[in-house]
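Before anything else, here is the set of structures, which you'll find just below.
Consider the two complexes below, in which chain A is the common component and chain B and chain C are the respective partners.
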Partner chain A sequence: MRAPRGSDLWVLLAVWAGLVALFGAFGPGFLSAATFGSVANRIPALLLTATGMTLVMVTGGIDLSVGSVLGLCGAVVGVTMVDAGGGLAAALAASIAVGTALGAANGLVSVKLRLPSFIVTLGMLEIARGLAFLTTHSQTKYIGAAVEGLGTPLAGLVVSPAFLIALAGVAAGQGVLSLTVWGRHLVAVGANAEAAAIAGIDVDRPRIWAHALLGALTGVAAVCNCSRLGSADPNAGVGFELSVIAAVVVGGTSLAGGRGSVAKSFLGVLIVATLEAGLVQLGASEPVKRVVTGGVIVAAVLADTWRRRA
Partner chain B sequence: MLRTEHLTKRFGGVTALRDVSIDLRPGEIHALCGENGAGKSTLIKLLAGVHPHGSYAGRIEVDGREARFRSTRDSAAAGIAVIYQELDFVDPLTVADNLCLGAEPRRFGVFLDRAALRARAVAALERFGARIDPDAPMGSLGVGDRQLVEIAKALARDSRILILDEPTAALAGREVDVLLATLVELRARGLACVYISHRLEEVRRLADRVTVLRDGATVATLTRAEADERTLVRHMVGRELTDLYARAPAVPGPVRLAVEGLSVADASGAVRLADVSFELRAGEVLGIGGLMGAGRSELLMHLYGAFGRRRAGRVLLDGRPLPAGGPRAALAAGLALVTEDRRRYGLVLAESIGFNLSLSALAAVARAGFLQRAAEQARNRQWLESLRIKAAGLDAVVGGLSGGNQQKVVLGRALMTGPKVVMLDEPTRGIDVGAKLEVYALVQRLTDAGCAVLLVSSELPELVGLSDRILMLNAGRVGGSFARGAATPEALMRAALGAAA
Partner chain C sequence: MRRLVLVAALAALLGGCQPSPPKPAPGSAARPKVALVMKSLANDFFATMAKGAREHQAAHAADYELLVLGIKNETDLAEQVNLVEQAVAQGAAAIVIAPADSKALVPALRRAQQQGVVIVNIDNRLDADAARAAGLSAAFVGPDNRDGARRVGLALAARLHPGDEVAIIEGVTTAFNGQQRRAGFEDAMQSAGMKVVAVQSGEWEMDKANGVAANLLTAHPGLKALLCANDNMAIGAAAAVAAAGKTGAVQVAGFDAIAAIRPLLADGRVAATADQHADQLAVFGIEQALATLRDGHPAGDRATAVDVVTR
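Coming up: the complex of A and B.
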């Protein structure tokens, strides 16, 4: 028996390559730079939040409020740029500040008051959504070119700056998890909090910080999201939390904590996004897309569980 | 009524029970005595059907016929009821509900017949005059009453043989009296009872006969007249100390750890340690003995900052008060702990040996928060070799190792922090003889290097062989303190039992 290592990464890569080959064989024109670009430019927000969600789930927590916090942070971006006339940098700073504050609140309340993060973040899901409507007076803020540059493919490249930012976020997240003392503590706390405490690890702080970090990444994700649409919609990100959790789980991160990888969550996002793009290419309707995607998520987790047991 | 013949039970290479024959007569209370690990629990589990027929050698007879229990259900059907220390009830339900749980009276096959249920419960409780409200929620009852409900439940199911596993361990004085009186009354009605207890005074009050187990074998079965305290203790301990444990006596250095008048209460406010004082010098091993529940682990966990609230007293490490702030502060001050339950408190089972070894001492191999992988690997490899951990490599998952190797990983994790005082809680429990010897050698190495060791062990020979001095705890208090030469097993056992020296 050996500790799970890179081997799982190859399995996910193979699944993704298989999907690409499958859709390439059926859908003429699927294997093109245009398809790749459209997938890559749709997922920055998902990648950033999946990175943070992986860290939270490694500690044994979960955050159901990411979609609403994404909506609220987007609203903050809209208000900053449209109503207050601020620039992109100011909007980004405000969005990260709000996201971090809400994430920290999730962490502090669930850890210090010993409440399940499932419940605490379920409450935050409602609170943040309400705040998003209050912030924008329930209106969509049209920002336009000032933010769209972030979501537009770069000259000579098929991907947008937002995608590159998200890639950097993924790399940093994986680095934190596998290269730092703090990352080691996250795993220990998630796998066996009692043993971690006896080993002299502060078991509260890693969990609180993981929630705060997810909040900060959600703040960045909100700006990416606004850039793609050119506007800030207080309804943005409804149901988004489920896509994030699905991608992380497809990547093999355990809901019970103690096991997870940001790199694999990245592949999880890629697999789900490629699947959706491929189905669209094949002319599948929205309902059919959802049925297939849901099935694939369950199948992926099932396969992971069986492989682990074998 | 109940008889066992030549029962032998092995777990892997360990013989837990060897050729045990006892018999139980109607209207008899038969006590089982023995040290921790003598085989009492295993014997009960065979009688209860936890270990099914076929997994042991020998015979169990009920009413003269061989009983082949395949499950606990079979054992219950044969009239045997086991009342464990940990009682399983559904707390939000009422006493009556719990009494009939799984055998609820029905109306028309589907509806719960509440009236019949309550009547049945009342009858069961009244059968031995238990004053318990059948409508009270189970969770509101104290431990003593819960035990009485468990007995009532057994009687309601026509059990004729009661097996009680240390029923009074968690009871207060008055509750003990109620329980013992209940048992005496049941005996008068012809019930047979196997009674397991560490409290010799209860055994002498209650038992018609006493069987002493040691190392999985029956040593003697005594009548009430024969079973005086001295004889019981001699039978329970009575083995020769071998050279296995021999450790060179220490040349004690300066005082490392000083505990003065320590009193500690647990989360519910119950006092678990009272007025405990001792000194531990560099290079010395202080053994802490006592029976289960005497407060040994609680003492270690409290010193480590992981248990209870201090009511009085102070703890000095190298003359300075030990800083508050939990295990992290204790480790930083130079106090390390190897816990008794290594799977729960000691290890991250799903992770590798390297992950676990490093866990408490990551700072030493990190720069600006980033782990220096090469340095970490090199250090882990050194420890893997010096502790002689047998595994495929540092990447091997800890959960797949043998008990002995798991224990070495826990030891390595604690020692990697470079402690001045090492606290070992049952360091050899559940590990094979070879690994035990290596643990003993490690203790020698630690003390040679000037470490002070606080050792908790339930195995008296181990305690006597390794310790320079021994402190026996009894119900949270110091029951006696012994120098190396004065620590005869009999004297230790008497101190542990709270008997006058």
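Coming up: the complex of A and C.
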């Protein structure tokens, strides 16, 4: 195992800068505050979940249920604010509680019963989506101004409070991973669980907590999404888990565990979101967008791997 | 021990698969069984459709038995084919189906028809060439999506000036109804003299459409309207318009008239949408099927209403 170094960031930064330069050269309105704002305000949910997913993947686990849990937490926000007449604070609390509970369930079942988290969270993907449809009766809930504050760009700034919250989440996640004992335990458990156990580390608890933390962050992410759209859509987040995992993997986190960086996952999210914005602005068709996005994901991982070997 | 349990479980399972009692010949029962085969029941639109059908059956309980079947997600063709076969096995006299694909369902439906089951096609029209080639004849009951979208587009155009720039956010590009709505929007914009500067897919999703709309507004600062192929995407687009500080300056249109769009219609953030009367769609299909069973000859196609809603 090698400690993550700040210099590893430059490859991803270069990929991102390259994309920005490329789109700037071909898209007349691309290099503008409006583009920056639309990218920044679109990614809070992805940033928060990618932060949690990085911690889970560092321990060697994975969570395929984030998209469905995002949908369910959004449904909870909708029901809390529309049907129960609650405020934003109550909705946030309920969303975090549900997200944490499902995340903890993922962690407990996979770790304590020694089942692969891939399988357990695949089951949760179905359960949470079904619950999202049940709680909303399959109907989109329109919430309106009461929830929109977090997603509305701040006066004088192009970014929303939700983006600032997500940035704080990324910073805290990186801090926990690289500066705290618990963070080092996550890496140790993921790199070699047996060695970690011999060294006297409780190998179960960090993994369970990582799953629970991801659930909690997904709860916050759901509120960010609802506030941007002013509504709760029970279909929200279908396929979202793949975007999250793609961003984390582009950021160099190993699927086998033992290595990962939240800051680099942040750059992974930025690369994927910038690509999406640029391709729409250039007028690329849906199939072309998919082909290019897939290609860039593989290229970014390759660039990072080569840099690591060099 | 564990193996024993497994063997016992298998035996129980196999026991469950023993030949079922001979099924009655289709249509011979006192009350004919009508199977309603839908797309995803998790979708508001189809949930409403199923509800309308159940209410109709409750009011006409003496006339027929209803079997409502739905697939998990809208693209799961294999599961829908399976549902058709199950409906036949359960002795359905008629199948009323909203096909998930215009072509892929044709062979399964033809097999059902050959066994004497009456087929009525609702919502999404089966491909005419594929049906003819297979020898399948099914009455179609459903809305004209293209004409509906054209009229929504014209209602929106009334708020614009000829030559204004507009963009279309379409659904999943392979869906026939999505293609029809896009074509209808294009018809309206052409006849009203608007300039369509971009067509992008929002894949029927609120969040996807929100991202697409935000970038379209940046790339085309002169944009005056966003035409969305369903209401979820219209809600996402309206949020992007608000985030760009352009509420009122950029008009938004949708399709489907779901409940969540009403507040946006009320304050003008969404200018127009279309109501396809989902609750009646399945009912008309069932009535068509019952008429065919009663009269013994196939009933014709039936167009259902699409109303433009602007407030």
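Brief remarks follow.
Rule of thumb we're sticking to: the second predicted complex is superposed on the first by the 304 of 310 C-alpha atoms of A that agree within 3 Å, B and C clash if a C-alpha of one lies under 4 Å from a C-alpha of the other, contacts with A are read in each partner's own complex, and residues count from 1 in each chain.
Keep in mind that, in the parts below, contacts are C-beta pairs under 8 Å (C-beta built on N, C-alpha and C of every residue); 3 or more make two chains touch, one makes a residue touch a chain.
This is a predicted model, so every value here is computed, not measured.
Taken together in the superposed arrangement on chain A, chain B and chain C fit without clashing. Legend: residue contacts after superposition of the two complexes on their common chain; A:259 is shown touching chain B, with no touch to chain C. Of the two partner chains placed around the shared chain by superposition, chain B is the only one that A:184 touches, whereas chain C remains out of contact. Look at A:233: by the touch rule set out above, it reaches chain C but stays clear of chain B. When the two complexes are overlaid on their common chain A, residue A:195 makes contact with chain B while staying clear of chain C.
For the combined arrangement built by superposing the two complexes, chain A sits at the apex of an angle of 120 degrees to chain B and chain C, based on C-alpha centres and given in steps of 10. Of the two partner chains placed by superposition, A:305 touches none, neither chain B nor chain C. Looking at the superposed arrangement, the partner reaching more residues of chain A, out of chain B and chain C, is C. Once you line the two complexes up on chain A, you'll see the smallest CA to CA distance from chain B to chain C is 13 Å.
Chain contact summary for the complex, chain C toward chain A: residues 41-44, 47, 173, 198, 200-201, 203, 205-207, 210-212, 214-221, 231-232, 235-236, 239-240, 242-244, 258-264. Listed in rising order, the residues of chain A touching chain B in the complex are 1-3, 5, 179-182, 184-185, 187-188, 191-192, 194-202, 258-259. Contacts from chain A toward chain C in the complex involve residues 27-30, 32, 34-35, 37-38, 41-42, 129, 133, 137-142, 144, 148, 151-153, 160, 225, 228-231, 233-238, 276-277, 280-283, 285-287. The residues of chain B lying in touch with chain A in their complex are 304, 306, 326-328, 330-332, 337, 339, 344-352, 355, 358-360, 362-363, 366, 369-371, 373, 392, 395-397, 399-400, 413, 417.
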